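In what comes next, subunit A is part of two complexes: it sits with subunit B in the first one and with subunit C in the second one.
This part shows the complex of A and B:
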């Protein structure tokens, strides 16, 4: 939410799973919008660079994954991720992350979040492939990525992202 | 060759063998095959079990309902959005049944008012919009449409129509309670529509013995209200209001 005095307020308790709190002082609101954040599957992934054992890696097809059996649970990648997309599994004591539903991709399906998004706000496809709906979407929309100045080259793109989003 | 060089060579060879042995045991089997990682991890991640079957799987068996949904406002909403991950159901349709959310809290996850939602997206205030009634009473989740107020009545009785539209009585057509002869439309002041005039009319739905759906509130007609007529205390177009 952006207030009319320019102050930016971000509020999504528990990832918004149980809904969002009502916006207080609605009169002073300039704009409000949702920005779903997930692992950006960076081409130059900071989390992969800091892993001391090679437990996190970029596959040939571009997904950033964690080898749960090999991860030593040092937590460097959790700190290194500029998007806050990694978390620590309290039971297995390993780092966890979005896999782009790699197990679904392997079976020719789209990620679960794309499958169930009720407004089709998410689109999945092969980056750099010319003839697919994603390529068409990228051509016809204003496309931004999160934190472009870090040069992480994310593979998650946002259309019509507000300038206030960092 | 000088003896010290031979000894040094033996020491180095021994160290190299120890290093190779340690490396052999510590480095996992497939490490480094595709990059600086364990190549077998990719296969184990790819073998995770599916949770979501995908909408194509539903269409195969549930054709009538997917066709109905496919032409409705919910055409873009995948079955598993509401019914939850159903991969298990798709493999064992008889033994595992996906849940169907019927409680009121579920629909406002998308349709509760939130300023961040696009304008034009149907949103309600769950507190004011027909509280206590499950959404399904008025809206079919597989083909959701707003309940229709008859245009013929609304044209003149707009205030009553919009009040009724957000009340418990939203689904009742005006003619459930009022008898309106066709002449009422031509000469509204001369030919008046009928109104219920007995307690038993309301009792038709609200009496304890009434054959109406169970979510409708019931009262004991013999003791409730102390002989007053129902509409002396309850406003029929917005029964929840005080």
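This part shows the complex of A and C:
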């Protein structure tokens, strides 16, 4: 939310599991919006670069995954991801992240978040393909990525992203 | 907590143990560089600490990777770093830098330096001790002048290789942090350089502490020529180190990038005690002033004449403060980095635990352990000048 005086307020109480209660209004609201963030499956992924044993890798089809059998749990990748997309599994003691539902992709399905989104706000497809819905969407919308100055080349694109989003 | 942080930033992934790791490694590099001063640049005054500095470096080097290991989620898989390293990873390559330094530089240099002692002790001793020292000689028991001359030359060459290696060792640790572009608090080309000079500072201070304390405990007289020289070096190293840090600081302030707001909040709030009070004032400015006044760094006899006993105490106090300061540097780098969100919109807090693998007790153990190892090393290989073994009678 951006207040009328330009101050930005960001919140996701309890990870958003219990919904989003209205923020107490002080001095009026300029704009409000909602930005879901996930692993960007960066083409030049810092997390892949820093992993000392190569447990984090990019699949041939472009997803960035962690091999849980291989990860030594050093946490370097958690530090290196500019998007805060990685977390540490307190039980398995390895790094975890969004996999684009790789188990579903392998069966030819789309990621669960794409499938269940009631307004079809999410589109999934092969990047670089010329004639899929994703390609059409990318062509006809103004597209941004997060933190472009870090040159991570994200594969998650946002349309009409607010300038305040980092 | 304050502002917005990502859910995964609530808990700090790198904790106290990771603070220890650059701290200990820095002591190694610093102690070694001090030792090289005596050897390569023939600084006669600091010779009494030459062997002590080498043994200190060894003791701390043995312990340095342990906190890292203890911190891993799966320490049992750590050998994979050597078997299947990712060549692009700064951390993976550190394993090799470390191994090179331990095996090729430090152990070899100590061995060449002590070989004559080992041989003489093996000759004198009886029973298992004899065998122990004999084993340490690795079977080469020739101590003719020619052989010793070779030892000396070899040791010299190793030191010459060792200096860049020590630079590499700690510069590399700085690189592990400085190369993380995701984090504006770390990402800086100056990081390795700052790490290096702070390492030299901490190493000299450590050897100074150990030297003074150990000498007093042994009931011997502190060689003030040596202590003065160490204090002088400490002063110079601190001046360089502090200027570099200020340079980094001014540079950031002037560039004033997107992250400046959250970083200044960080410094004014969460890091105020550890950065301003401990690191800058107590850890740097206070010892700098004291050393400047009493040590011969600025003028030949010291700016103020102070009796030796008092000077000794001041040196000791300064060196201890410097350790506090350097530890704070490492703390501010490692913990400070994780206190603000990568969304640059909020700050979190760090709560150290007392028990457990990442706790204070464990960290304390890792700090004490090198001193125990050092004590053992000193027992086996006395580094003191008066223990120099006399040349054996010609047979």
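Assume the second predicted complex is superposed on the first by the 164 of 166 C-alpha atoms of A that agree within 3 Å, B and C clash if a C-alpha of one lies under 4 Å from a C-alpha of the other, contacts with A are read in each partner's own complex, and residues count from 1 in each chain.
In this section, a contact is a pair of C-beta atoms (placed from the backbone, for glycine too) under 8 Å apart; a residue touches a chain by one contact, two chains touch by 3 or more.
Please read all numbers here as calculations on a predicted model, not as lab measurements.
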| item | value |
| --- | --- |
| Which superposed partner A:38 touches (first subunit B, second subunit C, both, neither) | neither |
| Subunit B versus subunit C as contact partner of A:94, first or second or both or neither | second |
| First (subunit B), second (subunit C), both or neither touched by A:46 | second |
| Partner chain(s) touched by A:81 [first = subunit B, second = subunit C, both, neither] | second |
| Which superposed partner A:70 touches (first subunit B, second subunit C, both, neither) | both |
| First (subunit B), second (subunit C), both or neither touched by A:135 | neither |
| Which of subunit B and subunit C A:54 touches, first, second, both or neither | both |
| Subunit B and subunit C contact sites that coincide on subunit A, given as residue numbers | 54, 70 |
| In the complex with subunit A, residue positions of subunit B that touch it | 28, 31, 34-38, 41-42, 44-52, 54-55, 74, 76-78, 80-81, 85, 108-110, 112, 114-116 |
| Interfacial residue positions of subunit A with respect to subunit B in the complex | 1, 19-20, 23, 26, 29, 32-34, 54-60, 65, 67-70, 99, 102-107, 109-110, 112, 115-120 |
| Of subunit C, residues touching subunit A in the complex | 3-4, 6-9, 11, 13-14, 71-75, 77-78, 80-81, 84-86, 88-92, 95, 180-183, 258, 337-338, 341-346 |
| Sites on subunit A touched by subunit C in the complex | 8-12, 15, 37, 46, 49-54, 70-76, 78-88, 92-94, 150, 166 |
